[in-house]
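Report on the following structure.
Going in written order, the chains are labelled A, B, C, D and E, and every chain counts its residues from 1.
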Amino acid sequence: MPPTLSALLQAAAPHPLDGTVARWLPVLVLLPLLGAVVNGAVALVRRPSSARHPLVTLVGPGVLLAAFALALQLFAAMRGAGTSLTAPFLVGGDVPWIRAGGLTLSFALQLDQLSMVMVLVITGVGSLIHLYSVGYMRDDAGYARYFAYLNLFVACMLVLVLGASYPLLFVGWEGVGLASYLLIGFWFTDPANARAGQKAFVVNRIGDAGFLAAMALLWSSAGTLDFAGVPTWLAAQGNAPVVTAVALLLLLACAGKSAQLPLYLWLPDAMAGPTPVSALIHAATMVTAGVYLVARSGALFAAAPVASLAVAAVGALTALYAATIALRQWDIKRVLAYSTVSQLGYMFIGVGVGAYTAGVFHLVTHAFFKALLFLGAGSVIHAMHHAYHHAHREDDPQDLRNMGGLGRHLPITATMMTVATLAIAGVPPLAGFFSKDEILASTLARAHGTPLASASLLGIPGSVVLQGVYAVGLITALLTAVYMTRMLVYAFFGANRSGEEARAALHEGSPIMVAPVVVLGVLTLAGGWLNLPALLPLGPVGVLDQWLAPVTGAASRQLGGAAHLPHDTEVILVGLAVAVALLGMGLGVWLTRHPVLPKAQAPEDRSLLARAYDADRWAERFVVAPVRRLAERVLADAVERGIDGAASASGRGVVAAARAAGRRLQDGDVGRYTWWLAGGAVVLVAILVVG
Amino acid sequence: MMASDLLRVLAPELLLVAGAMVLLLASVWHPQGQAPEGAEGAERTAAMARGGMVLCALVGLVVTIAWGDGVGGSADGRLAADGFRFTLDLVLLGAAALGLALVEVDHGRFRGYGPEVPALMLLALSGMMVLAAARDLLFVFLGIELMSLAVYVLAGVQRRSARGTEAAIKYFLLGSIASAFLLYGIALLYGATGSTRLGDIARWVAEHPAGGGLFPAGLGLLLVGLAFKVAAAPFHVWTPDVYEGAPPPVTAFMATGVKAAAFATLARTLLEAFPGAVPLWHPALWWLAVLTMVTGNVLALAQRRVVRMLAYSSIAHAGYLLVAVVSASSAGAAAVAFYLVAYTLATMGTFAVLVVARPSDDRPIEIADLAGLWLVRPGLASALAVFLLAFMGMPLVGGAGFFAKWLVLEAALQASSPQRVLAVILALTSFVSAGYYLAVIGTMFLRPRPDQAPVVRVPALAGGVVLTCAVMLLALGLYPSPLITLARRATVVTEQGASARSAPTIPPAAGWRAAVAR
Amino acid sequence: MITESLVVSALLFAIGVVGVLTRRNAIILFMCVELMLNAVNLSFVALARLHGVAGHVFVVMVMTIAAAEAAVGLALVISVFRHFGTVDLPSLRSLRE
Amino acid sequence: MRETLLALQVGAWLLPAMVLWPVVAAALVRAVGRDPGTEEVPAGWRDARALTVGALAVEVLLGAALWILFDPAQSGWQARVDLPWIPELGAALSLGVDGLSLPLVVMAVTVVPLVLLGAWNNVRTRTPAFGALLLLLTSGVVGALVALDLLAFYVAWELILVPMYFLVGVWALAGESRVALRYVLFTLIGSLLMLVAILALWSAGGGTSFHLDHLLAVPLPPRTQLWLFGAFFAAFAVKSALVPFHSWFPPAQAAAPTVVGVVLGFKVGGYALLRFAIPLFPAAALQPTVRVAILGLAVVTVLYGALLAMAQGELRRVVAYSSISHLGFIMLGGFALTPEAVSGAVVAMVHSGLASAVLLLVAGVLEDRTGTTELGAFGGLASAAPLLSMALVLGMLSTVALPGTLGFVGEFLVLMGSYAQAPALTLTATVGVVLAAVYGLRPLQQLLFGTRSPLVAHGVPDLTRREAGVLTALVVALLWLGVAPAPVLDRMQGAVRQVVEGARFGPNALPAIPTVSETP
Amino acid sequence: MTGFLAFQFYLFALLAVASALLFVTRKAPVPAALWLVNVMFSLAGLYVMLDAPFVGAVQVLVYAGAIMVVFVFVVMLLNLGRDGVSDLRAAGPRVAAGGIGVALLAAVLATMGPRLPAPPAAPATDNVVTPVAASLFTDYLVAFELTSVALLVAVVGAVLLAKKRGTPS
């Protein structure tokens, strides 16, 4: 039996972080939780809470900033500990949660380099978005409720990344799902919004069921659910099928949470929530939980190359698929949503091919530029909404066809959005270029002579799969540049299509909304320096890689070995990537050369891509409707009523039969009664006489 | 033959018959005048009934004393004096006393009973008590006839009631046919074994384990006669009509007394005379029990009239009791005794409620007549619920009814050849019985009281009967130990076991003349 | 002769049963019962030759009881006739399911 | 605290008091209580509802004392009392608790008064009788949970039945009193068979004692065990509403007054399986075919209940079917028979009681306010009645087993513990987790969200203080136990181990326990 | 059994069975009753053959003489012979009844088995009453008393039942 966490705690040598600020790790989680409680209380007590409550404004973003500050302290402490940090720092292993039979779970939190990166992203980007929200949600009736949910989300997200065991991670995992559900349906008076939240929760639950199953498998096979116990088990288990099974089930979970095929359906609908929510939850943090989980379970996936290939394949397919859809979306948030799905696919490719650093790197840079894009889109929507409100018009403030030339009215936003677009398109030296390039390079690097390459997925050799993935990744990069440029052009350039009256009212948002956007813009510009490739001598090489090495290094090596591309090849690849990005942007501009009509005048776009391949309808027809029919028609109407009816019918039948029999037997004619007597006597005597 | 000995054995019966005759005389003492309404001499009926109750108490005392004295059976082995007899005597006396009380209550409402009625009930009771003690098929026949003749009359005693008269003639005709079967059975057994005494028959059976001759036919016909009296299907056909047509107090008396006496004699006969012939009669009785349980319970489901429903229910209970009998053990006898106590209490209580709640015209009481009874008479409704739950065999709320079923099941499962299938059938048919008992309870409790429903008045005596039955049932349900002890003492002591005093044996076949000459 | 008597007795009893099953008139039906009782009596008398005088005693008792039954039964028949104006059994059907 | 109780010898009378006090109190309530609905005189302290709650509060105190008195370190019976009852049959009032029954007893005695308090105006007619019957019912439930003597258990078991019949029948929603009859008939058929089985078992044990400890040692051939187990199982499966013996349950719970519906949902049947059926007849319960069949039924129950809950248009029926779905998990855990799974099953029983209480209370409040609980009639409650909505959301989240709630603890343990025993079935059961999300969120969607329906626009007052207090207490319990279930779990480990090991290695166990093969 | 005795026995037996058959098949009550009386007389004859002259005498006196007379009396009293309604059930039931009768007969006869040995003929004696009486008043005293109680019940009951009705309700 692998060592349990508590045993590890007792046995382990003193940890370098002992006695540092790290012991306050639980506070990191409790702070936003406290914020959620306070804001929730305000929301429940003060109603109607039309006015924003100063306490909420203070507490909501306040706890996040405090958490961010603490996170920086933790980071500093870890930096201080330097290379001696080889094992995660554990807190709370002695706080029991579930103890039954041989299963012992505690509220142990663990801090290691991977968690730290996630914590910084969550609290950092989270803080910015909280601040932005103060402006964005200023006039909303559910101001306090909003911050309660948002704080709750951060708390759950932190549990997710800090939990030291799968079940605790699962607490955060479902917790963020709940927060997401609540925030998507935040404006619940529109049933569509609430339905979108429900859809998100249910689709996520499919993945969660996989997670539960994975844990069940793991527990029954390994006897542990702690991260710390897994390597020991793997060492004993080798490449047994059960490892692959666990990994594949975890992939299912990740596909749900990170909106990969085929469970991505919920994410576009999730845009029903307030835009900052989309930025934080559905772009920067929650949806990357799947990537985090794969990275966290690196050892497991490393021992199951097939599962890793599957991760990469799923990622690649999703990336391409979503990118094509994004080409023809008109709703600005939907463009970004599909883009997110696509970029998550990239991250999956990264962690799938064992380039955990690359995956996490892209996760971080994506958090920067996608949050920026969403917040920028939020500013645009905010402005459009106000403008239409001002003009007393009921029109779609999110539709690209209603925009155009907004750069003149929202110059800062337009600038920042352009930066972000360049980043996501992969134009050097912006953040996205480095992370994306690293993923693609790693993929190709592992296509030969690695365990991944020699494994096979559904009969296809791993090397072929990886080459395919690379190709798909490259095509996707092209498409990404195309659709992002298209979006940018339609929104900010050309002639304005918002209408005279509305145009006059278009203006930049309040400083508190602009400032975070600018900060994110700066991060987008500089994010690439986190992990510079050796190829480009711009600064220290592979900082993030070295940082994460204690966590993912071993797994990464196990899958990919020390695979490195030749220098020349790398140069060619970089060139190719830049070329593709530029080509894509050019294509994007070319595509948008014709002016479009405002939404109200434009014919409905019925192209397959605009309809997102009708995936929702297919899912409705082949999954939802059959289940519903099964439940309502077959089970409720037929089976249940059948069981019910059989019970009461048999009762009624017996009574009716009794009544009929009674009428015949006891018809009152005593002469006929004698027959029973005589007949009975004959039978009885016969029984005795015959034997 | 020692007369004093016989007097000791028959003291309760003698006292009872003597008392009954005194009451009879008293009832005709006054010149019979035509009362303005009701039966002749109706004004004396209540007093007679009370006298009868006192007499029952006295006889009960005598029974207790006789039992305590350890009186043995009669010297000739024709009358038993064992625990079974005395327990059954007490049950029968209780049933008669409560029945008399019901007669008085009903008489108080309808004034339909002549002053001879209590005396007739007591005479019927004497027949029943003879049955409890009978160890000779002759006494079985005579006891049954004595009891039946009185009950035939009682069923039709309300001469203004056409329904009562119809019930009486139906009962009479079917009863006399059954008697003829019984008698033929006795004759054939006599022919086969040479005697009508149970002990002699048992000896003969022991000597002829293969049976043979007239024996099986005789046993079969005997069982037909007894099965008729206990109302076992398919010999139950009289029960619904007669129960329904007879005046309710008489029905109550019939349902308890007649049934108890018939079971007493059935159990004793089978256990004393035919223990060696179990393989012979077991299948027949087994099927009889099954058929009775199923028929009674299923047909009761269809009833809307309460008494008719109770008639089927009494058939069902006969089935349960037959299960105890089928087990052919002393545990079975104990179960019969216990069951009869619980059953008598519940039946009497139920009929007490029906007597006060029945419509004032001659219309039979329907379940719907009880609608919402809980709202106007919560105590009465609750008591009836207790009685019905006792019939169902629910523990605690059904009082001793549960342990009655328990002991029956115990007897069945602990028999030398465990009657598992029978036990399961018993359980399942009890389940069916819930359907109709709960229909009544549901009507009382879950339905509103109709506006035009008459006010139910509860005379003190009726209240007393209801209360007594309910309290005793509940108390025995909570703490059944005394009754279990009593029932376990109510074992049948076979003649061989009991009479060391060796009765003179009947002269052998050819030598009867010699005996006469002596 | 005993066996023959028993056969005759059985015959008479069976005839009585058939009568019971086929007659509609209460009195006749009752007479059939009397026939059955008589048949039994024949058995008793025959068997008394085998087993002793007890059979005769039985017969005397049965006759007495039969007389008693007759008294009650005929009184009932009269009472029924007064109520229903008939003693045809299929007509007496006020008590039924 | 514990020392004081020990010094006072509380254990010697605690359990009899818990069983008998409600009976006494029932008589008192019936005699003294006044019906505020019908009498002109203000009832004051004699308000039967207040008296009932007071009497039940005493029961809560006793329950608390029991909890404190319980020594988690010990396994085996605690607070055991043996009073003579029917020496002729060998029956005694043997009462005792162990870790299996303790949580359920404490949960039961706590939830009933809370719900009664929360559903204060739910029953407005004939309250003295209602209170008395409710107290009798409580006595039956507690008795069934603490009885160690099989005869006493049977008596208590049936004592649940009769008051329940009246409580459901008399106070049912209009026109629904028939469901009471159906409830009794369904339950009775099983329990009568069990009666026969108890008798047979008792006979096999020499007819001297009904004590569980005595009967556990009675050697039984596997075939006999099979029959007896079948009878016990029939009783418990019907009572706990296992598919396909469940059809009495949803209508009954939907028609019953709130507090009665809650008690109806107590999984006493599931408890009895773990307490009696499995330990007494291990060779039957673990016989591969039987086990696969029951585990299969359990999984069917999980899915069937969930699917049916999805298809309901009325809140209480959703709750009822979700309860059935939970029962599937309980059965799965119980028959997987690993320490984790059994612990999970017990936790799930506790959870089922608490969660049903929350949801049925909310349904009762809606019924009080608007006269209906049809989902379609509502909409937009979230803004109209935020407290109520909050309670509903939290109760529902526990029902769908969100981590951090008690619902998760039970389900998680069941799934973890069952996999090794029945992999395919356990994996199938996880589908129930997905369906739970659907059936759990659907009512929220319809009731709370969207625009306000005319009914809601007409005005739905939010929770009163009393309702809010009760619901807060229950919801906090769900969340608190979800985060800190250890005190409960620790106390049950000894008993769970006994059940598991007894069934595997006890005198009547099969020689070798095969795991359920992968044949679906 | 000597030939003549046997002849007589079979004669009476035949007479009894034939009369019984006629009794059962007569439609009118009075002839039926008379055929029954005939059965009883035949039986009395048989009793005498079977060494029971006392019982035979009682049979004639009580049964034929008393009981059957009352029957006929009641039939006349109620004027039952006159309505044309058949007293017999339909043909189908009659056949079925015959079947049941035959079945019962078969069941009983099946147990008759081998011919029972006839005991030695009783020595001729005049005292035909003493043995019965002795038995009746010693061994069967209680039974005898019971029959008297039964008669009492019958008397009371008959009076009670046959009295004119009280004022009809």
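Here is the rule we use: a contact is a pair of C-beta atoms (placed from the backbone, for glycine too) under 8 Å apart; a residue touches a chain by one contact, two chains touch by 3 or more.
Every value quoted in this text rests on a predicted model; they were computed, and no experiment measured them.
Shared contact partners of chain A and chain E, listed by label: B, C.
Steps from chain B to chain D, minimised over paths through touching chains, total 1. Each chain gets a centre from its C-alpha atoms; the one nearest the centre of all protein C-alpha atoms is D. Taking each chain's centre as the mean of its CA atoms, E is the chain most distant from chain A.
A count of C-beta contacts for the chain pairs B-C and A-B puts B-C on top. Chain centres here are Cα averages; for chain C and chain E they lie 7 Å apart.
Chain geometry summary: the mean Cα position of chain D and that of chain E are 71 Å apart.
As a whole-number value, the distance joining the C-alpha centres of chain B and chain E reads 30 Å. With each centre defined as the average position of its C-alpha atoms, the distance from chain A to chain D rounds to 37 Å.
Along chain E, residues 89, 96-97, 100, 104, 107-108, 110-112, 119, 131, 139-140, 143, 147, 150, 153-154, 157, 160-161, 165 each make contact with two or more other chains.
Annotation for chain A: residues touching 2 or more other chains are 651, 659, 662, 665-666, 668, 670-671, 674-675, 678-679, 681, 685-686, 689.
With touch defined as above, residues shared between interfaces to two or more other chains in chain C number as follows: 6, 13, 16-17, 20-21, 23-24, 29-30, 50, 53-54, 57, 61, 65, 68-69, 72, 76-77, 79, 89, 92, 94-97.
A complete list of chain pairs in contact reads A-B, A-C, A-D, A-E, B-C, B-D, B-E, C-E.
Listed in rising order, the residues of chain A touching chain E in the complex are 671, 675, 678-679, 681-682, 685-686, 689.
The part of chain C that touches chain A in the complex is made up of residues 17, 20-21, 23-24, 29, 89-90, 92-97.
On chain C, the positions that touch chain E within their shared complex are 1-8, 10-19, 21-25, 27-28, 30-32, 34-35, 38, 41-42, 45-46, 48-50, 53-54, 56-57, 59-61, 63-72, 74-79, 81-82, 87-88. Chain E contributes residues 107-108, 110-113, 119-120, 122-123, 130-131, 134, 138-143, 146-147, 149-150, 152-154, 156-157, 160-161, 163, 165-169 to its touches with chain B in the complex.
If you check the complex, the residues on chain A that touch chain D are 43-44, 47, 96-103, 167, 170-171, 173-175, 178, 181, 185, 188-191, 193-195, 198, 201-202, 205-206, 208-210, 212-213, 215-217, 219-220, 627-628, 630-632, 635-636, 640, 643-644, 647-648, 651.
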